[in-house]
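Heads up, the thing below is written out as structure tokens.
As written, the chain order gives the labels A, B, C and D, with residue 1 at the start of each chain.
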């Protein structure tokens, strides 16, 4: 399913080497001021070609508003935004069809869609679609007035010093993984729905739509598995719910507790490594050495912070819209 | 939301100290043989009072079929199963209402539901509801013929030796966390839906509905963040998609690749620890020492394996039902 | 699917001759006062055995609250209500299995569920489940403070005089159909969601879940097909949107316009008629004369008003909860 | 919500006088051959400017495939199709903003979206969006191999002779309503889901998304309300479920019974009539005479048949994809 969200509902479409990628946001309230300029900063943050370790492929990535915007404001009708794919070199991919790239969706997509999938550059499975997530994030952040969503890279290749981590990859002529953290301040107490729609459930669901994410942890996360209860429990200090420590990462019982929301994701190394690998060749039915051509990021984690912010804002905007529905009805 | 699933749709209800907890499964195919005996083993595995480190509270936990079962088979109509709460001691909880228990949903539930929540024993937020998940798992596993879902505890309090981990907790007179792994064999290639409904997304969503889960990782997981690409990528070896290594944990591009599905969850220490803690008292508006009474597990991770299997089977049954819809239509 | 609603989500289960029928309401706001007495009037209105033309079967139909209610108020957790089936005579049905009753779901249910369906008394397809709808309606009406939902029977067997219509049926020793109207006053302008979730779409969807409904029309309805534009258009008279006429039935562009909501449903004659009919016998593979035994309503339309009110209130409660979410977010 | 469907999920967006209207179909199976030519006939059938009584506004309405199509086949990824709005004359509408057109969504949209709605030509509420439904219908019909979906106009302005009905409108210089019927042959027994997702529920839901529909009836429909049971019941004649009569319209208990699916919709007269009307003017706060300018259909019912086929095919494609999921799982 390319849908996500109950009130603020997002539908994503497009392929890496098709004409465009795009997104429709249904349920965005009317009256939100919105312009192409609002998207510049976050789209720039996502782009490759700026930092060492990211792909030289660049797209202008100007948001093309196709519906839902009128006189500079959202209308309440579905907001559709396209991003053209201008800079595609499909030739890079077609000749490699017999050799499914290790770590990519080539093999699984072929099996699932019976060979009808658009295999160029990963098609619908490409990281290219994350530009749509970033666009959703821009809109969602504007809805989340007074709430700050910020991501940072914690480590690259196990190094807290990012330069050192990248140097390891450049030196090894190989791609490398990393860990990215997201923190949200200013959230009210009470977001999240019981049982299946805990804040953790919804964020994790959305986060695993980002290609290359292989793990997620909230607050103390995996470290909590090695703690005693008295150590892990956050003592509540006042009527706002402020806690002395924040091992829970701002979520208790699946509901925000008014403290900072903190979580981290593990990003695997870019599947497309410059190194030679082995893979099965469907024409020869043999395992053969294989080299990925094309332009790729050495460290995809470098692009993840703004995408992680985007899916976080998307989930929280939906929860805010859900949460505020209850009181007014009872108080009428 | 207490709903989960697109075809095999589960609705969960009930409170820890109410009359019962229960579950409705909508979309279970007709004709599945089902009896109370099918539930015995998994419900027994979930029960406390058996191992050291689990709560002495016991419920008979006989599944009461209220709908959807006829002549020993599912009918295709919604299957509703209740579990009575026989062994409740609400008095344990009522007097502590002014002091929200650290690590529990007391504070967040109160804020969210304006004091109307059933606060006895955690109410709807209680781990008691996981008996419903286990029941769902029993049904889902029966649908997953030829597919094996199995969970094990990897570590308790950082110790691979479970006894040693429990001893640490008993000695410290404190609760303790752990890590539980789930492995699934026999899955076809191609389960999972593109973009938002990757297998990781759906499993993570469901898994964070289990109380006390604070992290999830697939395959190499967080370790992948410290790996090089050539190290992490799993080389495909033949037309079945079998890979030499399995760092992906059986999922590539969000789709099962025919290898073993492997993932792990981090379980925080039980929030109810025998140790004295501090918490804010809403009557005195002061932070005060506080002791949890009642019967509680020292290590909730001990109960998690069967619950983790259950939500895994629930997600996979839904994906199996979804996946098998496509070919027949095209082939008519 | 046995689910309906986006915020106020209803799940229905049970069979006519099983142990019980029931309903879970997820998303009902916390703090709504609720007691068994609230249900008495509407459940009484639905019961047979009171008026001429309704079945002598009676159930006590006391609502059994299984979850979501605490100290006389909803808790915000799922509200589950059961109704026991005390007065079942399954023997009436079993011997007729080879002869699918004309107008009933016997044949279609058998084909769909492969013979595993609970065939006793229509099983899950029985009108018995409408007691659950009535219960939902009671809760929904309490949420709709200041909004009045009222249904009346417009005609029985083509007669505006109900007694005359019933006399026709009694005289003919046959069942008979009718038309029921629902009117809602006090609705705000602006309920309904664009494109697929117009108020008409949602009401019609819910209404066709009531067994025996074969048509629905809003405002002038089918008569509108025979009108000129100038005749049909309702002239707006002031800033509240009040119109001189109400051919639109209170809905324009799928959105409530602040005028009275008016719509009607066509109810077919009860399928179980005392008259002899023909049907195919699966054992003899012949068409044979056939008589329905058991207790049945001559005119099911007599029971429909309270059920129609219930589904109307259910849909409107959901739309009210949805509508009130937008402004607060923008105004924060 | 602009979403519809569980498996074959449709999202619609765009405005009458914006840049384009469009649709995304998620869940369309991979491998369906599809080209722009497949759309020609149905899009031509929908166009105005051909028959007497339809608007002279024409759009080329060439489907622009933006995603989900590769080498002439669907890929299994979301299929997005745009239709450009080339022939817009917004000037017609802007000056009338103070006078909400009777019968249009002007007033309700303004109230709902606080004045931020795109009011030009009805914006997102315009009949222009039905070109997207027609496109969905083209895809859905291709999935429904061996199933024939056909609509005809039964009457215009109460006349079975269409020319006579149109003459009435032309003579009266007024718009006029009509009745359109849809019949489907070749459906299997067993489509439709119990309780809330009866075939009638889903079709009615979708049908009321078509602007100007004010009523729907299945089989005998409203006439059933005036029938006796023995008259209405369709006698089953053989093991295929074939019935002697078809008052049920091919649906019993909400499930298809293998007979022809038959249903009708009531279309109100086009709201934009050439006749002078009265409406409230928000600037003068007075009721004033008012004339609709712009190009409009005298009888919108003339365009409805192909749209009704489209939504019918959309619903049935979704039900076919749902229905075929069950057997394979049980038979593995």
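One rule holds for everything that comes next: a contact is a pair of C-beta atoms (placed from the backbone, for glycine too) under 8 Å apart; a residue touches a chain by one contact, two chains touch by 3 or more.
What you see is a predicted model, and the numbers here were worked out from it, not measured in a lab.
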item	value
Set of chains adjacent to chain B and to chain D	A, C
Far-end chain from chain C, centres as C-alpha averages	A
Gap in Å, rounded to a whole number, between the CA centres of chain B and chain A	25
Mean-CA-position distance for chain C and chain A (Å)	44
Centroid distance [mean C-alpha coordinates] between chain C and chain B, Å	37
Residue list for chain C, restricted to those that touch at least two other chains	1-3, 6, 12, 30-31, 76-77, 112, 124, 194
Residues of chain D touching chain A in the complex	1-3, 9, 11-15, 18-22, 24, 26-27, 30-31, 66-68, 70-71, 73-80, 82, 112-114, 116-118, 123-124
Interfacial residue positions of chain A with respect to chain B in the complex	1-4, 6, 12, 100, 102-105, 107-109, 111-112, 122, 124-125, 129, 155, 157-158, 169, 172, 174-179, 189-190, 192-198, 200-202, 204-209, 211, 213-239, 241, 243-244, 247-249, 252-258, 266-273, 275, 277-280, 282, 285, 287, 301
Complex interface listing, chain A residues touching chain C	6-7, 29-32, 76-77, 143, 145-146, 194, 320-322, 324-330, 332
